[in-house]
Structures are given as C-alpha cells and as structure tokens.
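Paired with chain B in one complex and with chain C in the other, chain A is shared by the two complexes that follow.
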Partner chain A sequence: MQSQLQIPIDKKIKAVYLFVVLHALQMGVGVVGLPRVVYEEAKQDSWVSVLIAGIALHIVIACIVFILNSYKNTDIHGILAQIFGQKISKVLSMVFIFYFYLMFISILLNYIEFVQVFIFPKLSTGFIASLLIFLVIYAVYGGVRAAVGSSIVFFFTTIWMVLLLIEPIFLMRAEYFLPVLDNSPQDIFSGALKTSYSILGFELIWVLYPFIQDKKNVAKYSHFAMLFTIILVMYVTVVAIGYFSPKHLEMKVWPLFTMFKIITLPIFERFDVISVALWLMVVIPNLILLGWMISYSCKRVTGLKQKHCLHVFMLIALIVATFVDKREYVNILTDYVGQAGIFFGLTLPFLLLPFAIYKRVKGNKS
Partner chain B sequence: MKYHLLVICILLVMLVGCAEENIIEDLGIVTVYGFDKDEDTGHLLATTVLYQFDPDITNASQIINSEGDTLQGVKRNANKESGHKITNGQLRVILFGPSLSKEDGFIEHLDTLGRDAKLSDIVYIAVSDQPSDQVLASTNYEEAPNIGAYLHQLIETAVRNEEITSSTYHEYLRDYFQVGRDPVLPLLSVDSEKVTIKNIAALQDDKVVGDFTIEEGFYIRLMVDQFDSGLIELKLPIEPFEDHLEEYAEIEDPHIYAVIDKINSNTDITMESKNPPSFEVKIDIDGRVIELSRQLNLDDPETLDVLETQVTKQMEKELEEVINKAQEMNADVFGFGVKYNNNTRGEDLTKEQWREMFTDIEVETTIKINIERHGTVQ
Partner chain C sequence: MKRRFKKSNYFPCKMDQLKTDLKEQYFKGSPDLSSKIIEQQNNGCIIIFLDYLVDKQHLFDKVIKELQDTSELSNESIKEAIPISGVKEEKELENIGDELLDGGVCAYIEGEQQALTIPIPRVEARQPERAETESLVFGPQISFTESIDINLNIVHKRMNTDKLKVEKFVIGDTVPSEVRLVYLEDIANEDNVKEMRSRLEQLKVDDVLESSTITQYIEDNSYSIFPQFLVTELPDRFCYSLKEGRLGVLVDKSPSGVIAPTNFLSYFQSTEDLYTRWNMGAFIRVMRFVAMFASITLTPVYVAALTFHYEIIPEAMLVSLGHSRSRVPFPPLLEALILEIFIELIREAGARLPTKVGQTMGIVGGIVIGQAIVEAGFTSNILIIIVAISALASFTAPSYLMGSAIRIIRFPIIVLAGLWGFLGIVFSMAFIIIHLIKQKSLNRPYLAPIYPTQPKDIDNSVIRLPFLFSNKRSYSNKPKEIKRFPKPPKKKKSDIDE
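And then the complex of A and B:
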C-alpha cells in the first residue's frame, strides 16, 4: 500500500466543500432521537451536555487536522501503515472500515424504521433497503466528486427544514429548563457521551484529506462544519426540552418528528409524513458518503477494485437489512455504533497524536 | 451499465406507488370519537362520527355506536357496521363522557394517539357533562358538514378568541405529566340540540374534579398564558364614580359595567417563601374600554384613575376567588407547583406531595392595569 497518495487534479475537491460534506454526514438519523437520549441522562441541563460535546468535537477535529497535516498527502490507512508497518496496519484499517460499515447499516435500518412507522407500515425492510442501496451504488460509481456533489445538493434542499420548528418554538415553556444545573456533573457528562452518535461522521476527513486541493484551509472549514452541526443539534435539543414536559419527552422515541406533528399547512394537513419523506434527503448523503468511504478504503487496504468492494459490501448490507428488522436489534446496533464511535471518533485521534508530534519533531531536526 | 442501473432505479421508484392505496371514496374518515363507559359490562362505549366522500350520497355524515376496550378495538368494531374503511387520520376531537372523566379516568385511551403515527397531535381533548353519545347526537351543527367538524370549529374559535386555553392532545399530555400543574379541558354540554362550551373543567391527572365558568377561565388563562386580545366584563360598584358621572339618562342600577378588550397581559409569578409555600403574582394588563353602562368622561385623568383603581380592585378580588376555588378542588391549574419545584434545588416534588401542599399555599396578587384608549366616545 502506497502511503503518499498522488490524486489527479480532476478528482480533487476544494476545502470549502468540507463544510457541507462533514456536516451532511453528521446530520442524519441520530438527531431525530437525540433530545430524548440526552434528556434521559442530563434532564433539563441537556443543552449543557450538547455544549460539552461540541467543545470536545472541536478539540478532536483540531487534533485530526494536526495529524493529517503532519503526514502530508495521505489518509488514515497511510498513516497507520507508516506507524505500525504494513501487516498490523492492515488489520487496524479493516477494523476501521468495519466500524464505518456498521455505521452505514445502522443509518440504513434507522431510516427504514422511520418509513415503516410513519408512512408505510407494511412495506418490507428489504424492499426499502434495496431502493436505497441502488441509489447509493449509482452515486458511488460517480466517484468522490459525485458523492460530494450529491451531499451539497441535498444539503441545500433540506436545510430550510430548520424553519419548520417555528411552530413548536411558540409552544415552548421556560419552566422546563429550570432549575439550571441541578443535575450532577456525571449525568451531564454521560449526556455528552450519548450525544456522540448524532455527531459522528466527522471521521470522513481521515479518508477525504488527500483529495483536498487547498490543504491550508482544511482546518478552517472543518471547524465551521463542526460549529454548524453543534448549533443545529443544540437548536433541536433546546426546542424539544421547551416543547415537551419532562416525562413526556422521555416517552417520545423521535422527538423531532413528533414536533413536526403539529405543523399543518393549507396544502399539507399532516406535515410530519412529508418530513419523514424529506428526511430521506438528509439520510441519502450519509449513505452515499459512507458507501464511497467504505469501498474506497477497501480498495486502499486490499488492493481490490473499488467496484467489487462496493458490490460485496452493499449485498451484505442488503441481506443484513432484510433479516434484522426488529426494533430491538436496531437499537442494540445503534448503541454499539455510538459506543464504537466514542473510541474511533473521539479517542483514536489522541492515540495517534504522539506519533504525529514525534514525526514533526524528527522532521524539524533533519 | 450505468444506463441499466438508471432503468432499475426508475422502476424501483415507480413501484413505490404500489405500496398501500387508500381511495378516498372507500374511506370513512373519523372526525370525532365520543367515549363512555358501559356501567353494566365495563366495556367502552364509543360513538364514531364519520365523513364519507362519496359523490352519490347526500348525507355525508354518519354516526356509529360500537363497543370495545381500546380506541383501536372500537374502531375495528365500528368497521363492522360500515361499508367504508374507517381511518383515524383526520380525527379532530376526542370527547369523554362523565362516566369516564369523573370516575375512571381516561388516560389509557389516549395511548394510541401518541403511539400510532397516523394520528395527529393537534386533536382536541374535551369532556362533557352528559354521556358523549347524547352530545354527538345533537342535530344543530350550523353549516358544518357534521358534528365532528362543528365541535372542532367550536373549540378552535374559542381558543383563537382567547376564551379558553388550548387543550390539544399534546398540550393536555404535557400538563398531565408535569408535576405541579393540572390540566384544564373544555366542558361541553348540549342545550336545545346544540353543543356549547359550558364551562372549563379542572382535572386532577385524568379525572375531572370541578369546573370553572368561562369568566373564571379568563383568570386561569391570565395566569398560565399571555393575552394578546382578550376581553373581560367587570361589574363595579357605583359609589366611587359618583362624582364623575356625566348622565344623560336616569339609570337605576347600583353597579357600573365595564368591558375591556384587546387585553394584552404579562404575568410574573415568583415564590416568596418555601415553608409554607407562598407566591407573589404580578400581572400587567394593557387594554381599552369598549363598553360602559354609565357615562364617564375618561379624558379626565382623575376619572380614568378611578376607573383603573376600581377595575384593578375587582380583578384582584375575582382572581383570588378563582385561586381559592381551585384550592378547594385541589387542582393546581395555575402551575404554582412548577414554580415551587423550580425553586427548590436537589429535591424532586411528587404529585402527591404537591396535592397536600397546594391547599395551604398563600398567594398575593398585584394587578396593574393600564387603559390605553376608550373608543370614539369621550
């Protein structure tokens, strides 16, 4: 495996797209249920948990960008290869790919569940999964630029949905936020950990880095992306706490969709149904970016053709999705991915940091 | 290869149309459910009011009585009596008769509203003082297509005119779960074949424990919400005004009636002490005089001052009466308990604890009224 990648200029992207791409991958199925998940831990101080998670996120992304800048034109697999040697690094890379693959499957299954609960209860999981997977394969064929391009299109077609929460905002009550900071720091901290599933996805930068044309801007735009994600997550959490009373919020599996339930427009009596359908446009970029990342990483590590990797992964995903369709399993899988994310997303950068510092120091001496 | 994929994608997208079809002529669309309890069998007695969109029938509304134990079960049983597929998606009002609302409670019948994504969150919950089948059988429902649509209009108009507090499923349920605040619901009643909002029912959880008149409801709304354009009629004693009257006719009434509308209010409740719980309520009201039963020259600042003082006095008195009445019922519809809970750190209030404390709380009210205008008459 070559460690320094030479990406042709026609495959490179501008750093400014990182803003949309990283944000698009972070936003997805997690934020729909996030208010409840955090609330179960940190109660009315959930917004503090999200704030802490946001600060942690910025530190992590700064760390990742520092490591990537130290190793110049390479991605996570190249870095692992330089640190641990070819053999061990391959195993580590495989684990990394498997983690992204689990994330892919959990997003797929979670979205399918939305559709089944809100719109078509009788539509089989396998059928919806095959629809989505075909779309993903089609987009990934287009390469990295198609994957990035599609997320930009879908970002602009869905971002207006933040305005939909205006109606719930009018029904918010200040009393649900009081008393402020009444929960123990442990509760607030575990709330921050629970936020992780909703803000995972920034790991994409590990793989996308060599494709970026103007590397000096990477830090700036990736921080912007994190800031934007945290602002949105905070917004949803705060509105949900104010809109539901305490026990009420803990009952709602997907508080965000429940908040859409009170919106009626003259042409759409029940906007929540439309919003679930629209959520496809939030989820599809997730799947496409992850699909590209998995298949590309597979090619890097095993040397197989990217297309073949993609086909195998998507076929297995389809089979898994067809058989794992109970809410219980989906929950377990989502929990595991969230926990794995704490290691792969938030801890791994700090483990690699000493090597990067060592490399910089050595580089300066010679 | 790419072309083939595109064809497959288009095909798959088109196939979604085959998922589940609902033809509107074949549907019986429920607008209101009324629930009572059968005293003999213990089952739920339901009255289902349906819409039908069949161009051939003239009377598009239907009422079906059925039995069951759950809302969905009742729906299934109602389906046995109708050639249409009964769907809940357009449900607007759920009405509970006294057998449920006064004795057994009805919270278990609301579960499916939250669970079934087909049901909306803006369904109004209401209670009635007669069995709900009688209420729904009333024949005068103005120009509305059926009784369900009428009830929805009736409640929504009252909510929009700020006569009652909104009581949608979401709002009822969040008050139900909130410790230290009890919900209120509109109490419907049939009067000569027409349904009216008679009173405002105060609940302990899901049981009606008493009711307030619409006029008393004004003060409840004043405490829990903000008015943008409310209206209140006040009966004031005549004595303080005697020097200011400018009569053009002899009226033999020891009172003066004043109507204030376009009321804009702001309420601030603060907890004064914890043991015994005492609260201070400060209310600022802006409004205009729209009707007076006796002539007063309100351009004279002195007269206006007297009017404002008397209105304040009267309102404070009535507000205290409403609070006392709520304490007698032991239903904290104002949310004092929430204030108490928010001001005590590190301990969690339970509903039972607050029920014991609420009857003994002390409330001091200060109302500040500001009459901005008084119409086209001096």
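And then the complex of A and C:
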C-alpha cells in the first residue's frame, strides 16, 4: 500500500465542497429520530446536550485536520500504515472499513423502515434495498467526483425542507423548556452521547483528504460543515421540544416526520408521505459517499479492483437487508453503530494525535 | 476514397480518347457527360463536363467564349484568360473525374501534358428563410440553410473579426462532406478545441448525413437520452455561443449548426432572453425551468396520488376528482398512459401531416377526441388538463431535442409512479440527477454550474441580470478571457433634487 497518494488533478475536488459533503453525510436518518432519543436522556435540556456534542465535534474535527495536515497527502490507511506498519495497519483498516460498512447498512435499514411505516407497509425490505443499492452502484461508478457531486446536488434539492418546520415553530410553547438546566449533568452528558449517531459521518474526511485540491482551506470548511450540522440538529431538537408536549415527544419514534405531518399546502393535504419519499434524496448521498469510501478503502487496503469491492459489499448489504427486517435488529444495529462511532469517530483522533505531534516535532528538528 | 486507377500520367492523348476513357472508366457510361470541341487553326481543345453539375451561364460566358476568343491555345494562356479562380492542372484521370463531380469543367488541349479543370459548380440551395423549429418572437429571424457556403457567409457577416478561426475537415468515406470547426481564437479554450479537433479527425464513417447525426457520433455518451451538443438552426444563437467561448461545427448539407460544449441548463436558454429586458428575460428563463419540472412531475404525481396516496389530496379537490374519476374503468396508471400516448400521437401526426391537413387534424385530434374521451368516461377531465399542461410545458424548451427528451423520460417515471407511488417518483428523479452529474459534454461537466458549483455563473444559467452586472462569460466553458467587457463606471449618486 502506498503511503503517499498521488491523485490526478481531474479527480481532485475543491475544499469548499467539504462543507456540503461532510454535512450531507452527517444529515440522514439519525436526525429524524434524534429529538426523541436525546429527550429520553436529557428531557427539556436536550438542547444543552446537542450544544455539548457540537463543541466536542469541533474539537474532534480540529484534531483530525491537524493529524491529516501533519501527514500530508495521505488518508487514514496511509497514516495507520506509517504508525503501525503494514501488517497491523491492514487489520486496523479492515476494522475501520467494517465500521463504515455497518453504518451503511444501518442507514439503509433505517430508511427502509421509514418507507415501510409511512408509505408502503407491505413493500418488501429487499426490494427497497435493491432500489437504493442500484442508485449507489450507479453513482459510485462515476468515481469520487460523481459521489461528491451527488451529495452537492441532493443537498440543494432537499435543503429547502428546513423551511417546512415554520408551521411547527409558530405552535411552539416556551413552558416546555422550563425549568432550564434542571436535569443532572450525567443525563445531559448521556444525551450528548446519544446525539452521536446523528452527527457521525465527518470521518469521511479521513479518506477524502488526499483528494482535496486546496488543503489549506480544509480546516475552515470542515468547521463550517460541523457548525451547519449542529445548527440544523439544534433547530430540529428545539422545535421538537417546543412543539410536542413532554409525554408526546417520548412516544413519537420519528418526531421530525410527525412534525411534517401537520403541514398543509393548497395542493397537498398532508406532507409526511412526500417528505418520507423525498428523504430518499437526503439519504442517498450518505449511501453513495459511504459506498464510495468503503469500496475505495477496500481497494487501498487489499489491492483488489474497486468495482469488485463495490459489487461484493453491495451484494452482502442486499442480502443482509433482505433478511434483517425486524425493528429490534435495526434498533440494535443502530445503537451499535452509534457506540462504535463514539470510538471510531470521537476517540480515535485523540489516540492518533500523539503520533502526529511526534511527527511534527521530528519534522521540525530535521 | 479508394484509388481505382494507377497513379501515373495519363497524358498526352487524343481529345476523343479522353472523353471515352472518362466515360467508360470513371463514370461507367453516364449519359450526362457532355463535351464540346473547340477547333482553332493549329489545334483543338475539348471541354468535358457533367451537364447538371455546372453553371451553364458561366460555362458559356466565361469558359467557351474565352476559349474561342483566345488566339493561341495553351494551358498558360487559358489560365490567364479565364476569369475564374481555382483553375488547376491535373495529370490523372481520377482527379479529373473527381473535379467533374464537384462541378468542374475539364479543358484539354490536344498535345498538352496536363488537362485543366475549371470549377464552375451550380449550387442549388435554399436561400435563408425564417427559422421554423426554433422560432423567435423578437430578434433576428434568419436561419441556416443546407449550403455550408451560405452558412459560413452568415456566420462571417455576423462576426466580422479576424479572430474567427475556421478549420476544414472532410468526413465520410463514400460520401465525403465538408465539416467546419468554427471558434473565436482569443476566447475559446485550447483544450476544448484540441478535443473537438481530435474527435472530428478520428471520425470514420461512410456518410455524416447531417449535423445532428455527427453530434451522435462524437458525443461523450451516446447511450444517454439527453443531448450533449446543442443543435440549432439559429445563426444568432450559434454566434452568441461562439462569443461565449464555445465551439461551433457546421456541416455541409445540413441546415443546423452544432454547439459544444454545453451544459444542461443551456438547453433552456434562448437568445431571446437577452433581447428582451433583463427582468422579462429572467422571468421567462425561470418559467422554463418550472415548466420542465412540472412537465416531468405533474402526471406522475397524479398517478401516485390516485393509486396510493389518497390522503395527500386536499378535501376540496377530492370531491371533484372522485366525481370525475368515478366513471373511469381503468387504474390511474393505465388512464395516464393512454392519454400521454394520445398526446404524443397528436404531436407526431401534426409533425408528419402536410400543413394543409395538419390544422384540421389537430382540431379533430385535440378537441373532438379529447372531448369525446372524457364524455365516454375513459379518462377524468382533470387528467386531461394535467397531461395537456405537461405536454405544453415540454415545448417551452428552446431546444427541440431537449423538449423531446423531457417528454420521453416522463413515461418511465409515470410507470414507476404507478408501481411505487412517490417512492418511484423520487427514485427516478434521483436516478436522473445522478445520471446528469456523471454526464459530460466535450469533457466538461454537464451539470455545471450546479456541480461543479459556481455561484457567479448564475446570470449565465438560471436567471439573467442586467448587463451592468452580467459582463462575464460562462465559467463552465473555461474561456481564455472571462470578461466580455469592462464594467461601466458607476454613476455618481446624486441627491433627490439637485
């Protein structure tokens, strides 16, 4: 495995796109259920939990960018190889890929569940999965530019949905937020941990970094992306807390879609059906970016063809999606991914940080 | 063209021998090969030509008359005497035959080592007329014709600058056609020119047929339904695109020019947007995008809502919709497909029918059958409205090919909407978007300036701004010079009553 990557200029992307790409991968299925998940822990102070998660996120991303900058033109696999040597690093990279693959499957299954609950209860899981996987394969065949491009175009086609929450905003009540900071710090902190599943995805930068043209802007735009995600997550959480009564919110599995339900337009009586279908456009960039990342990383680590990696991974995902169609399994998987994310997303950068600092210090001396 | 004769000097020979050889060996006994022998005191001269290919007026006034008037017949003296450019000396029978096919006259003086060919072709061409398929309300009405000379003339007239470069290609094995690559030297991107040149040079076909077929040969992705090169019959659009830094291709025998590279949004722009005032232009441009979106989604949404998602139909509409659909015996999917195909039939028949019958059939097809189909209870009248609107909307695209593409991709979307409701619609939309992202036109991204995102390009794509602010060319073509003209100096802001 090469440690320094030489990416041809026509494959490179501008750092500005990081803003949308990282954000697009973070937004997805998590935010739909997030208000309830956090509320179960931190009650009316959920917004504080999200705030803490946001601050943590910024620290983590600063750390990741620092590490990447110190190792120059390489990705996580190259960094691991430099630190631990070829053999151990391969195993570690595999684990890393497997984590992303689990994330892929959990996003896939979660979206399929939305569809089955809101639109077509009888449509088989395998069938919806094959639709999504078809799109993913088609897009990933276009390479990194198509993967990044799809996240950008789909971002533009779906970002207007934040305006849909205007109607619930007018129905918010201030007393649902009171008393402020009444819950114990433990609750608030565990609420912040629960937020993790919704804000995972920034790890993409580990793999995307060598593809970026103007590396000096990486830090700026990735921080913007984190800020934007946190603002959106905060927005959804605050509106949900203010709109639902406390008991009510705990009962709603997906508060965001429930809030979409009350929206009435002159031509559409209910909007939730449409919004769940449109959510495909929010979810598909996640799947495409993850699909690209998994197949590319697999190529990097094993030396197989990216096409073959992609086919194998997607086939397994399809099989898994066909057989795992119970809500409990999906829940368990989602929880596992959230917990794994706390390690791979939030902790791993700090573990690698000493090596990066050592490299910098050594580099300065010589 | 393959060589059929030995490459050797044919001359000198007898005058009659030349004619018989040409007739037997090259033209295989064509009855239209005419000749005339001009006798003078010391020697004679034969002129050979194909009857229907030469300009008779020129033949008599400039060739025969001059030959008769010349006192001493020799190649040199004839060359001087005949007031026509492009007189050549040929040694081989095949070259002479080729020249004759291009509308030349062969003059041979007995005893000479070479024959002369004098090009006086008769060009049967339509004079430039009003544009038919891409008509403008406002602005230049002239359109290209089938003759490349006239087309080049029009282009040169519109852009009388020495920066206009024209490169010549001859493409086609059995039927060679002249193809010209036209661009502005100081604006067009080198890489684009190189790419286009190499694609044209590498093109090996028997016959290019037309400019819209040549685009299909050299396009980036020939499987896609979306056109990647813009085919237009409007010289003003052609020249405007050249000024934007794009390349133009003109093909002989074709009444339209090809513009490349293009992006998806440029198919919804018309030069008319520039001729009207900026606010009108911006409004109309946005209208076209809305129309395209409506054209793609309206019928599928109807099908999806009535098949699966009754709950999204507002109460007030539900009653009238239910009433009008109560007598319809088909499921919404079939109902919509029948009507859509019906509309396509009217369009296709309208295009094929002779103009005199066309209008009558339009009325019979459109109004009478439309009315009857509702009264017979085959479709609901709401669907008629929706289908008619989406058909109408698809015709707003200033590019005919793009309009057709939009009309056709609607069919699979309708079927998917009938099968999986809104999920089907969103799935097909997502598929189209990914497809567009992957598309390229002359190696430039097709979906620019959406991706790669270029917010500064908004005045060249989605809307239009006053020229005061919109003084730049489109970034997506990567022109050499981005500025069209310097920004005018700002006017001093004065107080109300000064």
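We take it that the second predicted complex is superposed on the first by the 366 of 366 C-alpha atoms of A that agree within 3 Å, B and C clash if a C-alpha of one lies under 4 Å from a C-alpha of the other, contacts with A are read in each partner's own complex, and residues count from 1 in each chain.
Note that contacts are C-beta pairs under 8 Å (C-beta built on N, C-alpha and C of every residue); 3 or more make two chains touch, one makes a residue touch a chain.
Note that the structure is predicted; figures quoted are calculated from it, not measured.
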{"item": "Chain B versus chain C as contact partner of A:Tyr138, first or second or both or neither", "value": "both"}
{"item": "Partner chain in contact with A:Leu163 - chain B first, chain C second, else both or neither", "value": "neither"}
{"item": "Which superposed partner A:Phe118 touches (first chain B, second chain C, both, neither)", "value": "first"}
{"item": "Chain B versus chain C as contact partner of A:Pro266, first or second or both or neither", "value": "second"}
{"item": "First (chain B), second (chain C), both or neither touched by A:Val361", "value": "neither"}
{"item": "Which of chain B and chain C A:Met251 touches, first, second, both or neither", "value": "first"}
{"item": "Touched partner set for A:Ser130, first chain B, second chain C, both or neither", "value": "first"}
{"item": "Which of chain B and chain C A:Ile152 touches, first, second, both or neither", "value": "second"}
{"item": "Doubly contacted residues of chain A, that is, touched by chain B and again by chain C", "value": "120, 123, 131, 135, 138, 141, 264, 269-270"}
{"item": "Interface residues, chain B side, partner chain A - complex", "value": "2, 5-6, 8-9, 12-13, 16, 19-20, 89-90, 114, 117, 120-122, 168, 170-171, 173-175, 177-179, 335, 338-339, 342-346"}
{"item": "Of chain A, residues touching chain C in the complex", "value": "14, 16-17, 115, 119-120, 123, 128, 131, 135, 138-139, 141-142, 146, 149-150, 152-154, 156-157, 264, 266-271, 273-274, 277-278, 280-281, 284, 288"}
{"item": "Chain B-touching residues of chain A, taken from the complex the two chains share", "value": "117-118, 120, 122-123, 130-131, 134-135, 137-138, 141, 171, 175, 178-179, 182, 244-248, 251-252, 257-258, 261-262, 264, 269-270, 272"}
{"item": "Contacting residues of chain C [partner chain A, same complex]", "value": "308-309, 311-315, 317, 420-423, 425-427, 429-431, 433-438, 445, 447, 450-453"}
